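Take a look at the structures listed below.
Both complexes shown next keep subunit A, but they swap its partner, so subunit B is in the first and subunit C is in the second.
On to the complex of A and B.
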């Protein structure tokens, strides 16, 4: 009996140790200032106001220097265990996907169903954006590169890593060489900060955003009071209490709230949870929101909810219906 | 007379405060934290190029110490920026890594040990001028080194001493 217990304990410990957190995807995206100042932009008139947006397709088709920088960064990041999503390929895939979705038919003539939201979601995305900007400056006969690389968490909109500065001026070196030198020079500093971010994530949980909204068909609003856990509280306060219990070290901030919405930021969710089979499985914002939805489906609320995923780091729970 | 006495006393006190005892010098010479590093520029891909100093009684020993210091700076302290190069963080980021993995590093930094694998190029012909200073109790010697930083980091990660960037994913 003792041996069986020891065996089972060893197996469960091994499973916990083998659990892997969901790996964030990373993509190098040229900064807006780079695209616009180099002419890779497009103008729109929205509500009578002219807007200038970067034209990434034009940039990848014309800018050899940026392609060189992206290639160099991708090679270095792949060596560090993070193969990058390639912006150029991603743009091509999206165009191809759109054509295939439009052309695909079932044997009975059925077409693929796509809501406006599905179409909106079909954009190039990554969990971490490496926002890159550089320009070659002249000082007399010498050239040097100003380099600015920022790591942005796509969901919390926080800068999680960065490296910036100017390279050594040179009279002889070509701009491509100066650019390559800048990438090599700054990438270790950037990765050092990225590693600090990951270490913090493993220690204090993944930082995500969570929003609760309501369909107009919902039977109650977020100021309604319920008897819950032997106490009478507003719906919003009950959600606060649930978050405090389920977040890592109870860390979250309610940044806004009304009778129709609750908005939470800096929600630190655990990276793993125990599945029904006893295994440690990786979770993201959607998995965490699903746990809250399960609570809302039970009495005293007894209400259907829709969980809307926005990448690894943001989820919405829309109360009222699926 | 009183003034002269006061001046002499003050001078003696200042001299006493600045003087290094033989014991202190020995500690400084043997200190594992006594790395002096000046970056020379951006190295080839995966390498770091900088000047590093070593202290020892003899010039040859100071050169050996400088090479050890070069590798140790990459592992434990990181390399400062300069001459167009950005700062490089330490490979072992945990506090007191040197003590936590003492057995590993004792053999790693043994004279003629594995650390030499990462010292690719040096100016270790007998240094002269400002690179070879006679100091009290020995020599302070400066050499330019090229360290195979990426290879060093990869090997320490493979040996479980440093944490990989993608560890846990």
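On to the complex of A and C.
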């Protein structure tokens, strides 16, 4: 009883603190192997190569077992303080949005401008994906469920929580009940890991990815040297120095770089920063990248940059123009 | 005096009519070997017809000596593993103005690139073709260059004066 109270108290306190920060969204998504092995897939040919991808719309319209499983899982997670985004409703919202954007017209005949990038971004997304796969197995007259549930950070691709196993065999229970029984026994451990992820984010900063790229109109490449802070360094090294100064505990990792791109992972950014009015405002990867953009606009660089947001946890800075 | 002036004016008018150049006209045709679907062909055809009309040289293709031909090729195609998936294509569009009657030469040529996205390749190609801006500076330069070269070309059937034989000095 005391453990449950402490566990609930920890969740409540952490969520209260996180309530001011930008909270990650969570969504259950059936795994690729589940969709493709159950016939919910689409074929594409790109550059002469055939690719098979899950067809989530066909899955939500035809697979009652998975829909029930998602409902049960969402209820379990909501009861424990983690309300989920619904994939089916998100797909419907996207289709509706696409139609409304196409139909909308101003009073003077203007239409909404939409670039290919805007269309590419119109997808169902969440910051944490709960990747779910299950199948019903038979052992004599009894059925049981094998399941695999992974909590994945959509930006860093890290698995932050996981639960996999089999439920108790039963002769009478329906698949969704078998799944519920199987998941219930593992879900507290799963949620515990998810909670640890949130607590780590609160304590050590949000882990994001940052990439620097350049347009072909940029006046310099990333191997160009500049005098900055009393030292002459390559542009890439100057960005490293800036990140060391601005990341939480100076934590970041430059995983790749060339004259045209710099790739940083495990970048720990603060959850809040002080705005010009003196208030603490919540920031994400885009807000952090904007600070670097402000530095690049000033001498000795004097260059315009585009900050391209890829959700809460990833941002690109493209140097050269807006 | 009055009759003399009228006669001179009439003579000048006849000379002007006799020597007037026919209006410049460029028709648009889609090559038979194009890999585009019917829908995409219609989109690019209409775009190019708008381009020629915008530049004052629009005409029906069957009546024109000079033809603008767009040649479209898919340079790359990518699929995103998202919900729902999207296909992104990058097109190379080569525009040529060619002389179909006289010298059969290519009068002007330019290349554009266009990118589009959609639920499948055809939708992505249509989206890319719709992004082509017929008012862009590059297309304006292309049309101006084409018109200038067409204006400098002799009419069909015109025989240029025989060149002197430099070896023998004979005509």
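We adopt the following convention: the second predicted complex is superposed on the first by the 301 of 322 C-alpha atoms of A that agree within 3 Å, B and C clash if a C-alpha of one lies under 4 Å from a C-alpha of the other, contacts with A are read in each partner's own complex, and residues count from 1 in each chain.
Everything below uses one rule, namely that a residue touches a chain if its C-beta (ideal position, glycine included) is under 8 Å from a C-beta of that chain, and two chains touch if they have at least 3 such contacts.
No experiment lies behind these values; they were computed from the predicted model shown.
Within the superposed three-chain model, A:45 lies in touch with subunit C and out of touch with subunit B [touch as defined at top].
Of the two partner chains, subunit C is the only one touched by A:91; subunit B is not.
In the superposition on chain A, contact of A:188 is made with subunit B only, not with subunit C.
In the superposition on chain A, A:82 contacts subunit B only, with no contact to subunit C.
Of the two partners subunit B and subunit C, it is B that touches the larger number of subunit A residues. Residue contacts after overlaying the shared chain place A:168 against subunit B, while subunit C stays out of touching range. By the document's definition of touching, neither partner reaches A:101: not subunit B, not subunit C. The residues of subunit A shared by its contacts with subunit B and with subunit C come to none at all. For subunit B in complex with subunit A, the touching residues are 41-45, 78, 81, 83-89, 93, 149-150, 163-169. Put simply, subunit A touches subunit C in their complex at residues 29, 32, 42, 44-47, 51, 53-57, 87, 90-91, 94, 116, 119-120, 123-125. Interface residues of subunit C facing subunit A in the complex, by the touch rule stated above, are 76-88, 115-118, 120-121, 127-128, 131.
Touching subunit B in their complex are the following residues of subunit A: 20-24, 79-82, 144, 163, 165-168, 181, 184-186, 188-189, 191-192, 194-196, 198-199, 202, 271.
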